[in-house]
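Structure below; questions to follow.
Each chain gets a letter, A, B, C and D, in the order it is written, and its residues are counted from 1.
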Amino acid sequence: MSFAITKEAEVVVVDVEGQLIVGNRQELKQKVLDELERGEKKFLIDFSQTGYIDSSGLGVLVSLSKKIREQGGELRLANLNDDLKTLFELTKLDTLFQIADTRERALESF
Amino acid sequence: MSPGNEPARRSARDGREDARVIELDIPSDVQYIEKVVELIQRECALMQFGARQLMLNLAVALTEALSNAILRGNNDDPAKHVHVLARVDPARLVIEVQDQGVGFDLDQCTLDPTTPGNVDREDGRGLFLMRQLMDRVERFDDVRGNNVVRLTLIRQ
Amino acid sequence: MSPGNEPARRSARDGREDARVIELDIPSDVQYIEKVVELIQRECALMQFGARQLMLNLAVALTEALSNAILRGNNDDPAKHVHVLARVDPARLVIEVQDQGVGFDLDQCTLDPTTPGNVDREDGRGLFLMRQLMDRVERFDDVRGNNVVRLTLIRQ
Amino acid sequence: MSFAITKEAEVVVVDVEGQLIVGNRQELKQKVLDELERGEKKFLIDFSQTGYIDSSGLGVLVSLSKKIREQGGELRLANLNDDLKTLFELTKLDTLFQIADTRERALESF
């Protein structure tokens, strides 16, 4: 379980490796908030290497999306596999987030 | 003993022989959750549960049940324990997650996180997801008055 | 209560509070071993055991104890169970692995795999490694006559 | 846990990913024996991605080394980390196997 942060052009890209769950969600939150404080505005969270997400992981995504918007920034999600898509659909969070099929599409969409 | 009885007897016996039970007792610390989930996933994989049931239904619902037991039932106190009983056979998985709390009203506490007013809440999706992802969710007090949440998943 | 007593009392109390106990009961199947090891590794990592003790001493010795319990004690019969009790505090890890077999003589059964005649044997390294990698290995019968192997590892 | 087999020049290279233990050692044994039956003679087992090895994993290595030698072949091991080196030293198996520090050195040594 780890969160790898890279920068592609103007976008901060976070790869969620493993699970995003109650035991590690604070780490993701802190890493993204640190970048936001540094003045970053564009964020992409890539789930291609993610196993599963629990309700507290979803909660952190909701919280981050609000905080980023408050600072005039944008958040995109990419690479949800079928299981993760179902999770977002069940909770209607697919209506709250901007979700791209691939990392490239997400990067283009900013 | 009539021959006609044999198939029923045999299948009942097979059902017992095929069932596997894992029991676990852990201190209340969310850091254990992932490893407990992996152990029960392994148990269900040995019983030929499919990848989607392992990685979505089981993984998410059990994580929710464990984190509620640890954080809500036991107030994140590592001196309190969470007990897990998982019984799996070729037909179904039944997991009981027991905490040392006073329990709660399952229906009252289950929110609908999909309503316009709730969709951007940060919390309140745990019981909803458990009930969406499992075929059955029950809550009861055990003989000692401890809170138990029972999850049932039919193999597909 | 004299002030001089306090440090001792406090440290004894801390010792109790800091101890963590995990208990596990699994069917006899070697496919569970890795996940059980990972759970106990996680427990010891939370207690600041170092990487070498986690990945070498604990991982190998516990794998040996579990596979002996499953294959030797319980004859690979999934209807028989292996019970694991792991108690860890900042000073040490103590694990008891209990099977449903009749036990064995620890000293008699421990070979020296490093002698010229033994070094190219395919088996017979399990107990030797357990004893090399743990600070203490004991075997005894529990009250019900079940075989128990107890491993102790001092944290470094 | 998996065993990735590749061929480099004349050498069958097996990467042991994860643990080599009682639950999966038969799979390694079978994969190598299959290659041996196909007529392969040179084998390298690379442990750079290995976690730990138990006594039954060590036993499979001993058994494979015998079987390969019987067919006039050779077995090399490479990339043991410090923990694995200790394991081989404790059991004196470092005297039985030809162990190279790197994959390149092992490949050169055939």
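Here is the rule we go by: contacts are C-beta pairs under 8 Å (C-beta built on N, C-alpha and C of every residue); 3 or more make two chains touch, one makes a residue touch a chain.
These figures come from a predicted structure and were not determined experimentally.
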Distance in whole angstrom between the CA centres of chain A and chain C is 41
Chain A and chain B have mean C-alpha positions lying a whole-number Å distance apart equal to 28
Multi-chain touching residues of chain B, meaning two or more other chains, are 31
Flagged in chain A as touching 2+ other chains are none
Contact graph of the chains (line, ring, star, complete, other): line
The chain pairs that touch are A-B, B-C, C-D
Per the touch rule above, chain C residues touching chain D in the complex are 30-31, 33-34, 52, 55-56, 59-60, 63-64, 67, 71, 113-114, 119-126, 128-129, 132-133
Residue set of chain B touching chain C in the complex reads 17, 20-27, 29, 31-32, 35-36, 38-39, 42-43, 46, 78-79, 81
As the complex stands, chain D meets chain C at residues 1, 19, 21-23, 51-56, 58-60, 62-63, 66, 82-83, 86-87, 90-93, 95-96
